[in-house]
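Take a look at this one; I'll ask things after.
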């Protein structure tokens, strides 16, 4: 998900502009225009850092100097200094909250993602942890990137990314077979095809219709187990990727993953995020 | 926070456009352009609904018909139908995820806010529950509005809203007195002045300097108690609003509020949101 | 009203782009791409300078060097050089008119504002001179900032700034009391409340209802006097700010201000502006 | 200057959005969402109305009904009703100020333009009154259109409109002849060529070089007279349009126009505008 | 590639706005605001029609009525009426050129695409015809959609669509193997992987590394033949899709396609387009 | 058509952003963030180069160094290096296709334009070659500029540029005379007036009505000849510019131009462009 700086900047200035309104009136009245300062960005609790690339682009775009002490994806302990910033004091104070909002959210997402991927790894499972499109509205780029930094899979980046036939599509079309047939007729060679199924039989139907990925939606762990068993019996297992989705929590993720799926996906990674506590402190006036 | 429909639409189309990329390829390949359908938006768990106004504006703006069954601010039980939607099937399916992301996040925020305001109300306390500017980046409007719907106080809508002298301002200026003096010299008559203090003495200083609101930052409940006691002794209590901020959780909110502050504010309302589970189901093709 | 450079630039490029259309065809045909020049920005008449911050951000953003000789808020005499500019000649000539339009309008507003604030100051009055939201469409930021530079009060920066219950609100609600009651029920603690009244009795009602500011709308100076007298008699004077608005002109401003109001506000400061005559002259080719 | 509604709307929503910020908090707290009302837009003083087309597009775009009683360009007396509006009360109150700012400015410009064109017409002169690019920053479209409605000439709409060689171009190039030669070599056949001259001799040089229009810049009326006399003597008069610009005021416009120029242009039409007093009154709740 | 109308409109208004500048001055001066008319959009030559969906959205968005007589993808003969339009004459005339530019370009692309896909079909070949990202700058959506309507494959819609390791990536990384290895380590499960190779040996290497698609770049038909032969010998043929790209023209497309590749791709489909001649004629005033 | 860099950048980032989507995933996975490289932009075939100014602004705006070896308008042979680029490898690879799309299209347009202007020049004809508004949608600026670089005339840059009364205007108004009359009544002095005529008699009518340019639309060369003859007979020839438009091809351009028209215009210059083959090659890692 590499974006050249200028393309990313447009997203960042929009976010910053909303917070500024007609301007930072407190800073304008209390700090002189020619004051310069140094500040530190500090993680107040431990976790996986994400958003540093965006932070630096924002800070440098505003004319500040930003020294990066911790790279995206690194694990830090509480009270770690992530970055040293220097430049015009007014600019530092006006961007503080927007900067921290980006870092805190992205780091929170990366931290939870890492916890889950580590849990699976320690259980000796190769299952991937994926997010969904259940993001904070408008934050697809930032939320997906944070998941990637945390070691998770980004799943679809938007609706043009892969074919994903969902429950409502099937409800409209009438059957799994017909849905897959319509797609196969016209789809570009460069797209994978995934289908969401709600029964073990539909999983088998989809596998036989030769899709790339089957999403077992809202299956219990034992239903997942039976679906895997049926696919093995029909010699389809291993020829299609299996994704378990729905009902998965940090508490039950092992019981899903251990049943033989390739991917477990959780909306909560990005829609029920716990922000990492990060703050900015002015440490010196120049 | 009333915005005429057209001004709100611009925010909504930006959010929708990111999710669409070059278009919904699954829907285009599986659903014919002239198909129409009815669908229901359903809360899968109980909570306070928020975002209905935004949902309707988005749906109607896209040419769909949207019947509202539950208004913003209403409490619903699990499996409640929030809205019935009808129109072009392709449009319904393409907007589904963006619509639900807005509703789920706003309802999640409103639900947590209501839980806290109810807790205080049941404890017989008139303390206000406020959010902060710790929102998902770019979602100030939506997050603040959801807090308001949940019965909370929106606090500053952006940086031009009120004077709020924070720790870093004081670090730059040198003292609470000087910070307040600089502001008072020039501030518009239509702005209130709040200052964040980190000691009981600074709270007294600020009260004597005649600010409108004092934020007791990262005070323990007993420190809050001592600050209140000191202000009472100096006959300043009641002449200035007191806001407790930092370290406040759903678990300890009563112990803060009961010490005599007017406002308790929590960043987590908007930065560590738990989305309400809401889904959309196509129920009939026309 | 501090805005980081990048956020302000977006406003400036939009203004510049409209004037350029598909490009400056005269300059393209007459001046070679590698020509560089020096130019001076000169006030052709005396006044208070405003817009220099915006000017420098625009010029530097375009890659020009801009030396500031006169700061925002300074009083200059006719023929004063405000800034020396150097860089690519084509860029200087293409931005000339947009640059001067910003400087001339902002300086014109600041100059008129200063004249009025000086008039009050010389009369020994502490009354503030405020503008309104009657600005050139789309120029709230620039017009308000110019007023501030001229020593005036910016009043509301937009509609989310303060509660201001106006005549039409009261017409819809039915009474001053009910309007204030509705607001007090729900308003955020960080907002002041102002109400516009059209009679002396309503002024008293509003004062008793404990609003922060009362706008005496279209009162004559003697009506203002009677309102002040009544508030004094009822011991409400001094407990609420009083703003006189409507009908106020440079000619009668003293007669209003001397009656005991805290603020006099005039739409004409920003809607019937006289531009300060400022020009740009190329003085040397390099 | 016909723009289809949708293209014009984008300009209007930007203007409206700035004034709204995060929303009209007063209206939201005082007026219920389902209230509807009727209102009138009233000219409080007489003048030439302009901006009605923009007003209607804005009002209808916001879902209001707008009945037009006075068309753009019509002369009205004080207290004339320009339009009757009906629809959602919240929308009417939130758009009121932005609507009036557009109408007041455009009508103010049209009114002053008409006064000058009438003055010339009554003096029996066919001279055109033109504005310049000295507009409020960003308001080229609105300001130029208002001049046109007032009977004036819009002059260049932006920098790609016509070749206009100005003083600074000549300063860079070195001579009037060389400047014209460079342009003539390459200019598109669909552009006219105008040149600004500061001496009578340069006017003759330009006329002989066969430009379309000569701008006599900062000439006194008697200098204009001598330039005309010289051109007549050289049999160039009538073969090139003459524009007098700079120093022209309502007071001396006749003395300029009567000397034989085709166009008189005044920056003040658009940069030192006096707004027409127009207001909106809610007259009935439905 | 389904986009809800509102999201598509934003692209269309930007295109229209550039052509309008400050407005259609010819139409404004010649046609009265209340004139309405009927017009026909007519293909002056035969071909495959594309862009009708966009055309209707633009016309209806502008308040015109548009009757569609020919759907996207249909083949028409010269002088076919594609659509009947009615509504405000000024709007019809102002949008005419932009409307035709979209229809002509998209129909030209669809027509050439259909010619090539038909040529292959008649030769009994199932090879897909694909475009590339060599589009007119900024027209990815329109150009890709036109290819799809013409029966071609859209290939990547943007850079986040599929992994495509190109010559310059390999030049940077050093080898085909290493490039594939790096990607396989981290790529999302929902992405296919394609690699561009310039030698037959690299094609075999890539096939063994288990990519999804191999692009044979700038191969001659006989080189393609040898690559296919080698893959067959190594029993890799059929396990990976083969795409021939570079040097392919309408003249030699059969000789490439008949060698056993799955896809032939041509930049010229979208970068060297021949517009279909389409015009608009006003046929009646109402 | 000079645009300051910042104004041009906005167009360029929009184009780049569409191609990037959520980011260049291939480059992100294969190339490290701190890798830097040198690359060359090479014309693979001979032609007239255009778009170098835009290319450099894009590259420098992205933080790359770009050395220009060939200026806009220069003729190059196959395999010429146009520019050497150095900087962050990821940025180079991510912008490659967008950069080449701009250069290839603009150079293709400039090359065809130059071929035609040279053909006329060698035939000893001074006739200008002009393009029309038949451009790729949204690319008016780039397409027109490329024509100019190729030695052609840009014709109208948008609809506010010149009065051009077209067939549909006349169909609406009823007659050539009336159309011209309406325009002359109100048109700004700075606009030329052109009218499109479809008969020799209408050409004479238009000439007598004193327009600036007459477009002979879809005339055969012999009809052009007869029109010229008639205008000569009526002593109108030379007093009005004549433009032949419609049906003109590279093959018949001489036969049109030699009949005595001042301008020949061809839509195909910009709507049926053949891109010049230009590529980018990474030549060294640093």
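In order of appearance the chains are A, B, C, D, E and F, and numbering begins at 1 in each one.
Criterion: contacts are C-beta pairs under 8 Å (C-beta built on N, C-alpha and C of every residue); 3 or more make two chains touch, one makes a residue touch a chain.
What you see is a predicted model, and the numbers here were worked out from it, not measured in a lab.
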If you average the Cα atoms per chain, which one ends up farthest from subunit A? D
For subunit A versus subunit B, which are copies of one sequence, does the interface use mostly the same residue numbers on each side, meaning over half shared, or is it different? same
What's the farthest chain from subunit E if centres are computed as the mean of the Cα atoms? C
Taking each chain's centre as the mean position of its Cα atoms, how many Å separate subunit B from subunit F? 52
Chain centres from averaged Cα atoms put subunit D and subunit E apart, in whole Å, by 44
CA centroid of subunit E to CA centroid of subunit F, Å: 23
Subunit D residues touching 2+ other chains are 1, 20-25, 27, 94, 140-141, 157-158, 160-161, 188, 191
In the complex formed with subunit C, which residues of subunit A make contact? 9, 13, 16-17, 20-25, 27-28, 61-63, 90-91, 94-95
Hey, which residues of subunit A end up touching subunit E in the complex? 1, 128, 130, 153-157, 160-162, 188-192, 194, 213, 241, 243, 262-263
Show me the residue ranges of subunit C that touch subunit A in the complex, using the header's touch definition. 1-7, 10, 140-141, 144, 157-158, 160
Partner subunit A, residues of subunit B touching it in the complex: 14-15, 18-27, 29-31, 35, 37, 39, 89, 92-94, 96-98, 100-102, 104-105, 108, 133-142, 157-161, 163-169, 171-173, 179, 182-183, 185-188, 191, 267-268, 271-275, 280-282, 285
